[in-house]
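Okay, handing you the structure first.
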Amino acid sequence: MQQSLLEKLALSGILQAGLTKARIEALTDGIFATVMTVLVLGLTVPVPNLPESELASQIRGHWPNYLAYAFSFIVLGVYWIGHHNQFHYIKQSDRVFLWVNILFLLTIGFVPFSTSLLGLYPFSPTAVRVYGANLAATGLALYAVWWYATSQHRLVEKDLDPHIVSLAKRRISVGPIVSLLGIGFSFLDTRISLVLYLLLIPFFIRPSHIDIHFREGSHD
Amino acid sequence: MQQSLLEKLALSGILQAGLTKARIEALTDGIFATVMTVLVLGLTVPVPNLPESELASQIRGHWPNYLAYAFSFIVLGVYWIGHHNQFHYIKQSDRVFLWVNILFLLTIGFVPFSTSLLGLYPFSPTAVRVYGANLAATGLALYAVWWYATSQHRLVEKDLDPHIVSLAKRRISVGPIVSLLGIGFSFLDTRISLVLYLLLIPFFIRPSHIDIHFREGSHD
Amino acid sequence: MQQSLLEKLALSGILQAGLTKARIEALTDGIFATVMTVLVLGLTVPVPNLPESELASQIRGHWPNYLAYAFSFIVLGVYWIGHHNQFHYIKQSDRVFLWVNILFLLTIGFVPFSTSLLGLYPFSPTAVRVYGANLAATGLALYAVWWYATSQHRLVEKDLDPHIVSLAKRRISVGPIVSLLGIGFSFLDTRISLVLYLLLIPFFIRPSHIDIHFREGSHD
Amino acid sequence: MQQSLLEKLALSGILQAGLTKARIEALTDGIFATVMTVLVLGLTVPVPNLPESELASQIRGHWPNYLAYAFSFIVLGVYWIGHHNQFHYIKQSDRVFLWVNILFLLTIGFVPFSTSLLGLYPFSPTAVRVYGANLAATGLALYAVWWYATSQHRLVEKDLDPHIVSLAKRRISVGPIVSLLGIGFSFLDTRISLVLYLLLIPFFIRPSHIDIHFREGSHD
């Protein structure tokens, strides 16, 4: 009885028919735009009425904050691109998938906190670990999104090339692996961790053969 | 005279023809994305220049804040999904409906405040009650949206199955009921209230028979 | 020479062909959603580690803040609806129109500041005047948007009924007039000003004959 | 082997086929809307319980903050319009272009910080230089977006008039040049810098022959 109602409800799609991937993308874009903006609130504005020399020295002294701001902004750019690339292949949605995405957004939403912490304490093991844990969680959540959508071709087209699936997996897993290595090295020297995090940027944004091919492909 | 002008105005739709459900959804998505992001601003970043051990202990000591952040993020996800599910069935809008929605968004917009309060005072009766009241108000407003749209098939299709209407009502009403119970138990022991709130999550996100049916339905 | 280049540029539309009303609406929706959310940051979260009775009394003592939050949220809803209603009739855009709209958004963006001030100092003449000036500026800017678009049918259809134009003008002008009255009465007693501001809400959201006609109109 | 996989990946577009200019525009609009709103958080709300005269004098004393808020809001409007005008001509996207845009957004996201600093220290050489550097970086990034898209007609139509390209370049370059001049003059007198910055506004928003031509063009 109750069961048949639930079936009817399910078939008529009350639970998520309206939540197509377009909606998830809209929420994702909105959250990324806000998170990227909110990062700036982690920068400490000096108190009023300082003498000029003191103001200048404070502004200069906050360089780790500016660096952390720029680094996180670019990392968010990387994950925004990564998420959209995945959604290019994903054609459907279901309830579990929706929640894996919300989990991913939860880790994205945490970035302003860990960025602010790292900007204040750039060489502190605690801050480096919190930041690394955030990066790792974000990467793992993105991996989970891809894994869930592609395993058994659950939400992608049946003829999606398995090589693309595994190549994307390898690419995504670099983020969490490097972040976890960074957390590990923080017990030795946090500067090693920071260098590892920084190396993620050229890895993810490097121009490569791929671009050339892509551009040729899209011109034809 | 004045009346006939008002009629003309009404017929030409100045008052809300342009405010289709698409517009309400756009504002809703924007507010949800921002609220989910702004939650993170409720986390206290430690003051600068603490010694490492003190920093680590403060970061660890703030676990209720992180938990409150994650909990509210997921609850907002629940209500975002709930709102969209409703809009799948709602085909029209009118002035009263618009304002019931804005009231719903008002309660959503309050969540960062009550979350921040609960994170700072996880076992305080006051904080538990403010948080519960916010949850209850959000749930009641969502109930009002659904009730207003569906009673006498006001804004939904004439042939919408009444079972779906009442099943959705029952589902939505669980939130306010549990929240009000939580407020009640806060006079005994706030830990009971917190457990009640936490139980809402598995209730709302559980994978169930519904998903299987839905997925089958959407594949065919 | 330079001139002919400018002409070419103008004709090819570099300066705003791409800035259709849809774009202005997107920015407007984004700013409204963010402003409505950012309002909550004006609520003071109590400092940590207060005793329960002190916490409860502080939370209760902040009632003017909650009221100011709710009031501004609803006022923003009013202006969001008002702006969209105008855009229902507006078919084109030009450079001046664009900037009048940005001016309108500037006054909207200021609302969290004046709300926060009024919440902290609900009966202070200064706070009441700042809030009233913000309300008046917002209303005047919305009036300017409508005036610029409709005078000489500049950006609306040639056959738009002039009665609609003037009725909308009268409706919009109520906001600034009441706000300026509120500022005036603040020199006598700020409670009169506050009552005047509060009366704006029922004026703007009241259900009226209009809704009935509208609903009938849209059903046919 | 690996190479051929990368080719396959590239051709199937995993890296950015999904990231059309529409997506970049959505993120851009979201970030602009949020940044324009977040500016207001840089205004200092007075502490509670000041006597009325003290409150009034503080509110009046913060005029540089209000001015900085309004100035930055309008400058952001200028750059939002400028970005959209460019995207009217840009038809394609590639990986490098995407990152140049994210760099542009990074400089936009920094504006609330430099605005808040300038509002607190309107005549300080440090604040004037930070603000000028931000303006210059924003302008240069927008120049880079245009340069990258148009050089060798990389991402625009083959028949785009080169006069339009160079005229737009000249227009965009005014921002960085004036900002760098402002930084230079800050070593003499910061008031000269501020006047230079202020002059950017009439330059960018002035109604001109262009509008008349444009409007005629769009009416026909």
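By written order: A, B, C and D. Residues from 1 in each chain.
Methods note: contacts are C-beta pairs under 8 Å (C-beta built on N, C-alpha and C of every residue); 3 or more make two chains touch, one makes a residue touch a chain.
Everything numeric here is computed off the predicted structure, so don't read it as measured data.
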* subunit D against subunit A, contact positions shared by both copies (same if over half, else different) -> different
* Since subunit B and subunit C share one sequence, what rotation angle in degrees maps the C-alpha trace of one onto the other, as a multiple of 5? -> 90
* For subunit C paired with subunit D, centre-to-centre distance based on mean C-alpha positions, whole Å -> 25
* Touching two or more other chains - residues of subunit B -> 29-30, 33-34, 38, 41
* **Residues of subunit D touching subunit C in the complex** => 29-30, 32-34, 36-41, 43, 45-46, 48, 52, 55-56, 59, 69-70, 73-74, 77, 80-81, 84-85, 87-89, 161, 163-164, 167-168, 205, 207-211, 213-215, 217-218
* subunit D-touching residues of subunit C, taken from the complex the two chains share -> 3, 5-19, 23, 26-27, 29-31, 33-35, 38, 41-42, 44, 92, 94-96, 98-99, 102, 105-106, 109-110, 112-113, 116-117, 120-121, 124-127, 130
